[in-house]
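Next come two complexes, and both contain subunit A; in the first it sits with subunit B, in the second with subunit C.
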Partner chain A sequence: MITIVFSLFLLTMLVIVAVGILRTDNLFTAVMLSGIFSLIMAANFFILDAADVALTEAVIGAGISTVLFLGALALTAEYDRSPPVGTWVPLLTSSALGGVIIFATLQAPRLGDPNAVVHKHVAPWYLDRTPELIDVPNVVTAVLASFRGYDTLGEVFVVFIACIGVMSLLGRVRPRRDSIEEDEFDKRTDNLRHHLIPRVVGKMLVPFIVLFGLYVQFHGDFGPGGGFQAGALIAAGVILYSLLEGGPRGRELVPEWFSSLLVALGAFTYTCVGVVSMAMGGRFLDYSVLSHDPVHGQHMGILIIEAGVGMTVTGVMITIFHAFSRRGIR
Partner chain B sequence: MEWVYFGTSIAILVTMVLAVVRGLIGPTIFDRVLAVNMFGTKTVLFLAVISFLSGRPDFLDLALAYALINFIGVLAVLLFFQSRGVRRDAEAEREADK
Partner chain C sequence: MDLLLDIASAILLLTGGFFVFVGGFGVMRMPEFFTRMHAASLTDTGGAALILLGLMLQGGLTLVPFKLAAIFLFLFLTSPTASYALANAALLSGVSTACRNETGAPLPENEVDSADSKPASKSVAKTSASRTSGRKTTAKQAAEQAAPKAAARKASKKAAKKPAGKAAKKPARKAAKKAAGKPAGKKS
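Up next, the complex of A and B:
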């Protein structure tokens, strides 16, 4: 009951904020409101007991995407220009789509209905067999990393390809020097070094954020978390350092070749686990053969592929951030 | 004890609504920045209270992560305005030189 009341409350706020994002033509306002949007969504996921998703949404939605949006905004104009097409066709299309979705929800099962299809299909099997086959307390990790290892491998490659796409757009261009000298610009704008309080407090936080990222990485079998969340947290630590000390120093801490290497290495590690398990007589991504004891093999496989996921996500976030901060110098 | 948590979470939700209202009506940029910051803080508190209300205090991990991450967005906003100000000054200087 409490869940439903809180969810309704938060979802109503979500709709209001979404309309606010659409209505404003000031892009900075839109970025700020989308930060609020992510936080509401994360709180809602949390109320629905989806702790892993809530953690991802909080770190990526409220933290890193705000930074990246502002990086993009620094490269463009501040106000939205109205699109060249008329408003009728988009309005009609989105109303039709919305109508179809609302019509579909009429058939959807009630929230928390034990007879809903999702609770009858494979979910009971996962819940029953996880203690016996994989023996990790967090079933989400077991499903994500082992039962559905193929899907997660696919996700890692999607992230990998997305990174290649973003990099081919942003590129490693040489900064233009027409408006202001690069060094001069750096000294004055690219960092918060002369703001004493943010600098001191921020620098103290960096090691704790990275430590928390490592905890989330290796504790993912037991509590909420795993490679995706950990990767985003560790990248957030590096981004915080780069914001405080400026892009060039951030690129000294984690060079661009290293972050690009991490992106590829993570996906490579994940695939290697699959190939090794084939070589050892199992099927692709069947971790049971990795050790003499099948359950132990599963633990090992999950640990390694989570590390691969973490490396790729960390690398992607840092690479994209560096690309933006380099482009910011104009 | 439960009704205390329940009452607290309702109070926090009301504060969140106030922050959203401020974020939506503005009118200045700083109102919106403050609204986002306040909303983030309230989310941390809300999650902490909810995790006790639902009897799973181990989910405090999440509130901790939120608290750590919130800070970064605000610093990015600060940097954004700082660099925009310098860039505008530089452009104005260039215009004056012409």
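Up next, the complex of A and C:
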């Protein structure tokens, strides 16, 4: 009951924020509101017991993507231009699509209905067999990393390809800075180094953020967490440092070649686990053959591929941020 | 003992809720940005701290109070910083500091003073400090604001100068460090 009340409250807030995003002309306001939107969404996910998704949404939606949007805005204008078409076409399109979605939700099972299709299909099998086959307390991790290892591999490659796409759009161009002295260059970069209080407090938080990221990485077998969340958290720590100290110092901390290397290395590690398990007589991404004991093999496989996922996600986030921050210098 | 704890936590929670309410009310009612921020910071500090304390008492001797204490520590550090960053950004981007009434006319000077120096909490001092130093930097308002609060401003000006001095030192050090020409030689 209380869940429903909270969810209704949060969903109402979401609608209000969404209307706010639509109605504002100032793109900075829209970016901030979309950060708030993600934070409310994360709270909503948490209420629905999806702690993994909530973590990701909070870190990426409210944190990193807000920073990336601001980085994009630094390259473009602050105000929205009026759209090329009138307001009627978008209104009709979105009403039609919204109508379809609302019509679809009429068929959806009620919240928490035990007879819903998703709870009858493969979920009981996963819940039944996880203790015996994989033996990790967090079934989500078991499903994500082992039973559905192909899907996760696909996701990692989606992130990998997205990074390549962003890099080919933004490029690795270096701004014309050979003529500028280093001091002058520092002055032109947007950073918070001149603001003592945010810098001191922010830098104090960075190690804890990274530590928490590592905890989430290695605790994924036992509780909410795993490579995606951990990667985003660690990248958030690095990005916070770069924001406080300026892009050049951020690039000194994590050089671009290193973050790009992480992107490739993570995906490579994941694939290697699959290939090695094939070489050892199993199927692709069948971790049971990695050790004498199938369950132990599963543990090992999950640990390694989660590390791969974490590396790729960290690398992608940092690489994209660096690409933006270096373009922002004019 | 349980009853006492319950009563204490109820009092703390109610007081915290009151702070949050007053904060929200203030954001709605205050005349301009910096006074609104002051109201909002009540929610961050007083409200959050009291509510967390109240919840800690409910937690008993488990891990819960320690987790709440960690959250409290986090908020204790970050929310004043966020308030500072917000006020500073507003100041730099030239948000108007002049109080206006509902019709949009500026308030008389003495009313402005009594409006923002009510309770002598930390955030008030901070807010008014940033306001006054903002008036110093935006020259057009400096003229109309000359005499009355000069003594209070001295301190805030000093505080404002400090980071600037520090920042001036930093790039020099860094320039020396990076003089090896690493970034220039990497890509050609």
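What we mean here is this: the second predicted complex is superposed on the first by the 319 of 330 C-alpha atoms of A that agree within 3 Å, B and C clash if a C-alpha of one lies under 4 Å from a C-alpha of the other, contacts with A are read in each partner's own complex, and residues count from 1 in each chain.
Convention: a residue touches a chain if its C-beta (ideal position, glycine included) is under 8 Å from a C-beta of that chain, and two chains touch if they have at least 3 such contacts.
Remember, it's a predicted structure, so these values are computed and weren't measured experimentally.
After superposition onto subunit A, the partners subunit B and subunit C occupy separate space and fit alongside each other. When both complexes are overlaid on chain A, the residue A:Phe9 reaches subunit B alone and has no touch with subunit C.
In the superposed model, A:Met204 makes contact with subunit C only, not with subunit B. Applying the stated contact rule after C-alpha superposition, one finds that A:Val166 touches neither subunit B nor subunit C. Applying the stated contact rule after C-alpha superposition, one finds that A:Leu303 touches neither subunit B nor subunit C.
Using the contact criterion defined above for the overlaid structures, shared-chain residue A:Val289 touches neither subunit B nor subunit C, since it reaches no partner.
After overlaying the two complexes on the shared chain, residue contacts for A:Leu133 are found with neither subunit B nor subunit C.
Touched residues of subunit A were counted for both subunit B and subunit C, and B has more of them. Legend: residue contacts after superposition of the two complexes on their common chain; A:Ala18 is shown touching neither subunit B nor subunit C.
In the superposition on chain A, A:Gly223 makes contact with subunit B only, while subunit C stays out of contact range. By the touch criterion defined above, A:Leu196 reaches subunit C but does not reach subunit B. Closest C-alpha contact of subunit B with subunit C, superposed model: 5 Å.
Counting contacts as defined above, subunit A residues 192, 195, 198, 201-202, 205 meet subunit B in one complex and subunit C in the other. Residue ranges of subunit B in contact with subunit A, taken from their complex: 6, 9, 13, 16-17, 19-20, 23-24, 26, 29, 32-33, 35-36, 39-40, 43, 46-47, 50, 53-54, 58-59, 61-62, 64-66, 68-73, 75-80, 82-84, 86-87, 90-91, 94. If you check the complex, the residues on subunit A that touch subunit B are 2, 6, 9-10, 13, 16-17, 20, 28-29, 32-33, 35-36, 39-40, 42-43, 46-47, 49, 51, 54-55, 58-59, 62-64, 66-67, 70-71, 73-74, 179-180, 185, 188-192, 195, 198, 201-202, 205, 208-209, 212, 216, 223-225, 229, 233, 236, 239-240, 243-244, 328, 330.
Within the complex, the subunit C residues that touch subunit A are 77-78, 81, 84-85, 88, 162-164, 166-167, 170-172, 174-175, 178-179, 183-184, 187. Against subunit C, in their complex, subunit A makes its touches with residues 172, 174, 178, 181-183, 186-187, 192-198, 201-202, 204-205, 248-249.
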